[in-house]
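Scrolling down, you'll hit the structures one after another.
Two complexes come next, and they have one chain in common, subunit A, joined by subunit B in the first and subunit C in the second.
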Partner chain A sequence: MPRKHGNSLLELTDRTKRRNAAEARFKAYGIAAIAVGLLMLVVLVTTIFSKGLGAFQQTFITLQVELLEEKLDKNGNRDLDDIKKVTTFGYAPIIRNAVETKVTELGVETPLKGKDMAGLLSKDAAATLREFVIANPDEIGKTVEFRFLAQSRVDGYLKGRVSRDSIENDKNISAEQLDLVDALVAADVIEKTFNLDFILGADASDARPEAAGMGVSMLGSLFMMFVVLALALPIGVAASIYLEEFAPQNWLTDIIEVNISNLAAVPSIVFGILGLAVFINYMHLPTSAPLVGGLVLTLMTLPTIIISTRASLKAVPPSIRDAALGVGASKMQAVFHHVLPLAAPGILTGTIIGLAQALGETAPLLLIGMVGFIASNAPDSIASGLLSPNSAMPAQIYEWAKRADPAFYERAWGGIIILLVFLITMNTLAVILRRRFERRW
Partner chain B sequence: MNDMTAMDSTVETQRTKIAANSVNVYYGDSHAIKDVNVEIEDKTVTAFIGPSGCGKSTFLRCLNRMNDTIDICRVTGDILLEGEDIYDKRVDPVQLRAQVGMVFQKPNPFPKSIYDNVAYGPRIHGLAKNKAELDEIVEKSLRRGAIWDEVKDRLHSPGTGLSGGQQQRLCIARAVATEPEVLLMDEPCSALDPIATAQVEELIDELRENYSVVIVTHSMQQAARVSQKTAFFHLGNLVEFGPTGQIFTNPEDPRTESYITGRIG
Partner chain C sequence: MSFVKLTASTLAIAAVSATAAAARDQVQVAGSSTVLPYASIVAEAFGENFDFPTPVVESGGSSAGLKRFCEGVGENTIDVANASRAIKEKEIKACAEAGVTDIIEVRIGYDGIVFASDINGNGFEFTPTDWFLALSDKVSVDSKLVDNPNKTWADVNGDFPAQAIQAFIPGTKHGTREVFEEKVILAGCEETGAFELFKEANGGDEKAAEKACIALRTDGVSVDIDGDYTETLARIESNKDGIGVFGLAFYENNTDKLQVATMSGIVPSTESIATGEYPVSRPLFFYVKKAHIGVIPGLKEYAEFFVSDEVAGPDGPLSEYGLVADPELAKTQEAVASEATMGGNS
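Take a look at the complex of A and B:
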C-alpha cells in the first residue's frame, strides 16, 4: 500500500525537495544582499579615506626671515600703532628676501625672479608674518625661523594632485617653479607634515585653500548641539513622561501620538524653511546664528527623543510602578524615583543618537544661512557665541565641495572624515551606554 | 506550621477592619465584581479563593484603590476602612496605600539596595526623623519580614540579588515598613518553590498578630493552612464567606463544594 508521505523516510519526496530548494535560494538571496551592502560600505570607506586623508597633511616651507627694522618700524620706537600701519603688502619684500636668501644659500640655479620664487608660498604667509610681528614687536630686527604654508599648487604637486602636464594652462604655477620645488624638497626646506590647523583652524578665502580648516565650523556645530541638548532633552523627556505615564488614553492623545511619529518622518528641509519663516522672519533672530540652527535642529530631534524615551519608559516593567504605588508613593514619586532612573540609559542612548543625527544635518542649515564665513581662529571665534554668524561642519563641507579649486575638494573629503569620526564616536558611546546599563528582568 | 490546619484553628471573632457593601466593579463593559458584601476582621488572615478570572484579585486591588491606575476600571458601592469610605472624594489614594500595604504576585523589589527597598516607604511618608530612627524602622521591618538574619550583613547589596523567596519576604518587609493596618497579598507564593512558600506562610501567620491580612491564593491547601476566614469567589460573585474550617469541611453552597473537591476551577 503506498504511504501518504513517500515510501520511506530515508528518501525525500518531491515536495520536500522543492521546499528545501526554496529555502536554500532564500538564504542565498540574503547572503547576496548582505555582501552587496558590505561591498558598498568598503567602497565608501576606502573612497572617503583615499580622497580625504590628504587634507590632514599640508606642505610647509621653512624659511629664516630677517625682520628688517627699516621696513617694519621706520621710527624704531616699537610703537604698536606704527607697526600696525604696515599692511601685508609691506611684508611681501621681506618674504621675497627670505626666499631669495634661502635659494642662494642652497646654491640652486633658477631662472625665476624673487617675486615668482615667493609665489611658492601661500598668500597667507604675509598675514602670518604680520600677526607675529604685532604680537612680538621685540623681535623686529632679528632673524626668525618660520614655517610658512606652501600655496595649494605646490601642496598638490607633493600630494600628486598637480603634475607637470596639468599645469600647462595654469597661471598660478609654472614648470620652473616646480623645478625649484623639487630642489627645495631635496634640501628639506619644503616638507609635507601633519597639519593640526586643518582640524582646529578657521575657513579661508577662495585663493588660500591651504589655510582652510574645520575648527570654527566645529565650534558652530558644538554651540548648536548645546542648544539642542538644552532644549530637546528636557522638553522631549517631559513630553514623553506625560504622554506615557499621566495622559489619559483618548482620541486627543492618539492624535498627538500619530503626529509625533509623523514628525519624525518629515524631511529636514521642511524644518529649515519653518525655522526661516518663524525664527528669522517673524522673531527676527539673527541669520547664520548657532542659536537659530540649534532651534531648528531641536524641532528635528524632538520626535526622535520622544519616541526613544517613550520606548524606554514602556520597557520598565509595570511591577516596579505597582511596587512604588503599593507602598504609598504618588504617581510622580513612582515615576521620578523608580521608573525614570531605570529608563535613563535608554533615554540617554536615544538622545545621543538624536544629537548625532542633528550633527550631520545640512539641508535646514542652508535655509537659515548657517554657512557664515568666519576666518578668525580660536579664541576669537569662541567668544563670538550663540548669536553671531557661524557655520556648521556639514555646511562647511558643502561649501568646500562647491568651490572651484580642487584643493578645496580634498578638504571637503577631509571634513567628511572628521564628521564621521564624531558620528561614529557618538554612536559607539550610545552602544556602550546601552550595553553597560542594560537591565534584564 | 505543622500544627496549624484548617480543622483545629480556633476562630475568635475580631473587630471589623474593612467592610465592603454592595461593591460592583466594571472593566469597560464587562462586569467583573457583582454586588460583593464582605467584612474583613482585624488580626485575622482572610483568604480569597476561586478559579482564575473569578475577580478575587480585582476585589483585592479595590481595597487599596490600586485599580485607580487602570483607566477603564469603575467601582461602585462602598468600602469602609475603620468606618471611613475609601472611595470618598476626599480620600487621597496615596495616603490610603500607606495604611493598606500590598504584596504582589511576583516579587518586585526595587533595583536598589535591601536597605533602600525597606527605607523607601518610611522616607516618602516622613516616618523617621533621622538616620538612627530609619535604621531602627528598617531593622524592625526586616525582622517582621523574617529575613533580618539572612540579610543583616549585606543591607547595602542589591535587593534583586536575593533568591525568589527572600525577595518576597523583602517585599513583605517593605510593605510593613510604612506601618500599615491592613496587608493585602496577591498570590504571594505563586512564584516561589515549596520551601520558600512554607517560610512565607509561616511569616503570614506571624503577621496576623499585628495586622489584618487579606491573601488571594490559587492553592486551596494554602488557604486552609494560613487563613481563619475564607471567601470563595466565582464568576464575579462572592459565593460563600465564612470560617475557613467550615468552608473546607462543610460548605453551604454546591459551587463551593464542587470547587474545593476539584470538580470546577
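Take a look at the complex of A and C:
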C-alpha cells in the first residue's frame, strides 16, 4: 500500500515547509534588527570618538619668561597688594617679550610683529602667569620656564581642523602665523600633548576655548547625584515598602500606584518647570545651585526607584515572609530582617540605573539656571558645592555645542566621551551587583 | 542601614533650610545670548584680576533676562541683565512695581548683523529692498499690493543668480529679529514704496503700515530659527541655497564655512560698523540694579571693569572677539562710576 503522502518524518509536507520558512524569515528579521542596532551603535561611537578624542590633547608652547621687576613690582618690595594691582593686561608685554626672544633665539625669519607672534598663545597665558607670580612673588626678576596653551586656531592647525585654505578670511590667525607655527613645531617649542585640564579644569569664556574643561561641572553633577541619592533612595524605598508590604489594597492605593507609573513617564522638562516654580520662586532657594538641580532630579528619579524596588520586593517569595511570621516575627521584623536584605540587590540596581538616568538629564537644568557661563568657580566646601552656582556635565556639553568657536564643538564631543564613561561605569556596576548578589527562587 | 539613611535625609533637609542664611558672594548675570560671549569674557577676566569670585552668566534671551531682572530686589534676584536692545517702557514699569526703581543703563558697544551663505555657493550684494522683496508677505507690483510672487533671487533682482530663496532668520524671541525687521525689512518696504500703499490700505495709520511691512511670508521660504546661530549654521550646511542671519562675531569665528554678503555695498566689519557705514547694527546693553551695589560684593567693580578701556576699548578683548567699541565709552565709564540711574539721566 502506497504510503499517504506527507506523513513521513523524513519528507517535509508543504505546510511544514511553510512553517519552517516562516521561522527562518523571522530569524533573519531578528538578525537584521540586531545588525541595524549594532550599526547605529558603531556609527554613534565612532562619530563620538573621532570628533571628541581631539579634546583630550592640547597644543602647548614652552617659553622662558623673564619676570621683569619694573613691570610686575614697581616698588620692588614684593608687597602682594602692589603685585595684585598689575592686571592680566599688564602681563601682555612680558609674554610678548618672551615670544620675541624665543623667535630670535631660534633664528626664525618672520615678518610678524611682536603682538601677532604673541597671538599664537592663548589669552589664558597672562592669567597663568599672573597666578604664578602672585603665588611666588620671590620669582620676580628671574627667568622661569612656562608651558602655555596655544590659541585654538593653532591647536586646530596641529589637529588638522584648521587648514591654510580655511583661514583665508579668518582674522584670528594669518598664514604668516602658521608659518611661524611650523617653524616652532620643528624646533620642538610647540607640542601637542595629553591635556589633563580638559578633565579637571573649569569652563572658559568664548575667547579661549582651549582653556575650557569639564572638571567643575563634573563636581556639579557629583553634588547633584549626592542629593538625589540621599533623598530618592530613602524616600523611594520607604514608599515602596509601605505600598508593597503594609498598605491595604483599596481604591486609594490603586490611584497612588497608577500615579506613580504615570509620574515615571512625565517628560523631564516638566520637573524643571516645577522646580523653578516651587524650589526657586516659592522656597527661594538659590538659582543655578546643584542642590536645586538635585531636588528636581530626585523628583524625576523617585518613580524609577519606587517601581524597581516594588518589583524586587515582589520577587521575594511569600514563603520567606510566611516563615518569618510563623516563628513569631512581627511584620516589620519580617520585612526588615528578611525581605529587604533579599531585595537589596534589585533595589541597588534600580537606584544606580535611576542615578545614571539623572546624570544624563539636561532639560530640567535649563530652567533652573544651570546653563551658561557658570562652571568657573570650583566649590571650596560641601556647602558651597551644594549652594553656589554650578553647571552639570550634560548642561556643559549643551553650552559648548552652542558656542561660536568651532573649537568648543570638539570639546562638546570630548565632554560626551567623559559623560559616557561615567554612564557605562554606573551601568556596569549595576549589572555586576545584580549578577553577584541576585538570588533566584 | 536605616540609621544611615535617616542621617542622610536629615542632613539634606538641614542643607535645604540652611540656604536661606547663606549669603551670595558672586555677581549673577542673565539675559541676551548675543551679549553672553562678551559677558563671559569679562566675567572670566574679572575673576582673574580681582579677589571676587568669577560672576555667573546665564543666557536665555534679552526679554527673559529683563523679566528676571525686574522680579525684585534681594539676593535671590539677579544683579545684572544683559540685553541686545534697550529696556522698554513696559519693562521699566514692571521693574518699578516690583521695587526695582534705580536702574543703571550701560551701553557696552555695538554689534553688527550680517547675512551669510555657504562658502562654496553664490556670493550676494544685498540691499534692504532685496530682502523686503524676497521675504515680505505682500509686495507692490505696478503700485498694487499682491502676494509675494518671488521664488528665486533672480526674481528679486536681475543681477542675482536664479537660486531659490531660502532664508533662516532669528525667531521673534531674539533681539536680533527686531533689528532685522527695522533696519532691513522696513527700510526695504519704504524704498520700494510699499510702505505708502500699506499706509493707504490702513487709512493712513503709520503704525499699522509698519506692522504690515514687517509681516513675513509664511510659505516656508523664510524659516524662523529659535535656537542659536549654531542652529542657523547647521541649516545652511544642510541646505546650500540657504542664507542666514548671524552676528558679526559668530561669522568671524566661522569664516571657513560661511561667506558674508555686503549690504548696500558695504562689507560688514568692526571698522565699517564703527563708522556707521554698514547699516545693520545695534547697541548692546547691560542693566545694573543700583540697590545691589554695596550688598553683592564686586558688583560695581564688575560694571566698571566691563566698560574700562582695557576691556571694552578698541584694542580690548571684547573688540577682538567682534564687539564694535563704543566711541562714547568715556561717557559710559563716567556714568557707571557715578552710578547714574536711568531716571536721573533723562
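Points worth noting:
One rule holds in what follows: the second predicted complex is superposed on the first by the 422 of 441 C-alpha atoms of A that agree within 3 Å, B and C clash if a C-alpha of one lies under 4 Å from a C-alpha of the other, contacts with A are read in each partner's own complex, and residues count from 1 in each chain.
In this text, contacts are C-beta pairs under 8 Å (C-beta built on N, C-alpha and C of every residue); 3 or more make two chains touch, one makes a residue touch a chain.
Nothing here was measured: the structure is a model prediction, and the numbers come from that model.
Within the superposed three-chain model, A:His338 lies in touch with subunit B and out of touch with subunit C [touch as defined at top]. When both complexes are overlaid on chain A, the residue A:Ala329 reaches subunit B alone and has no touch with subunit C. Of the two partner chains, neither subunit B nor subunit C is touched by A:Asp73.
Residue contacts after overlaying the shared chain place A:Glu244 against neither subunit B nor subunit C.
In the overlay built on the shared chain, the residue A:Val162 is in contact with subunit C alone; subunit B does not reach it.
After overlaying the two complexes on the shared chain, residue contacts for A:Gly369 are found with subunit C alone; subunit B is out of touch.
With both complexes placed on chain A, subunit A has more residues touched by C than by the other of subunit B and subunit C. Applying the stated contact rule after C-alpha superposition, one finds that A:Ile320 touches subunit B and leaves subunit C untouched. Applying the stated touch rule to the two superposed structures, the subunit B and subunit C interfaces on subunit A have no residue in common.
On the side of subunit A, the complex with subunit C involves touching residues 84, 87-89, 123, 127, 130-131, 162, 165-172, 204-208, 227, 229-231, 233-235, 237, 280, 283-289, 291, 295, 336, 369, 371-374, 376-377, 383, 386-389, 401-406. Those residues of subunit A that touch subunit B in the complex are listed here as 248-249, 317, 319-330, 333, 337-338, 342, 439.
Contacts from subunit C toward subunit A in the complex involve residues 2, 5-6, 8-9, 11-12, 15-16, 18-20, 22, 24, 26, 28, 30, 33, 36-37, 39-41, 43-45, 47-49, 51, 53-54, 56-60, 75-76, 227-230, 249-250, 252-256, 259, 310, 317, 320-321. Subunit B contributes residues 64, 66, 69, 71, 94-98, 101-104, 106, 108-111, 120-121, 124-125, 171, 174-175, 177-178 to its touches with subunit A in the complex.
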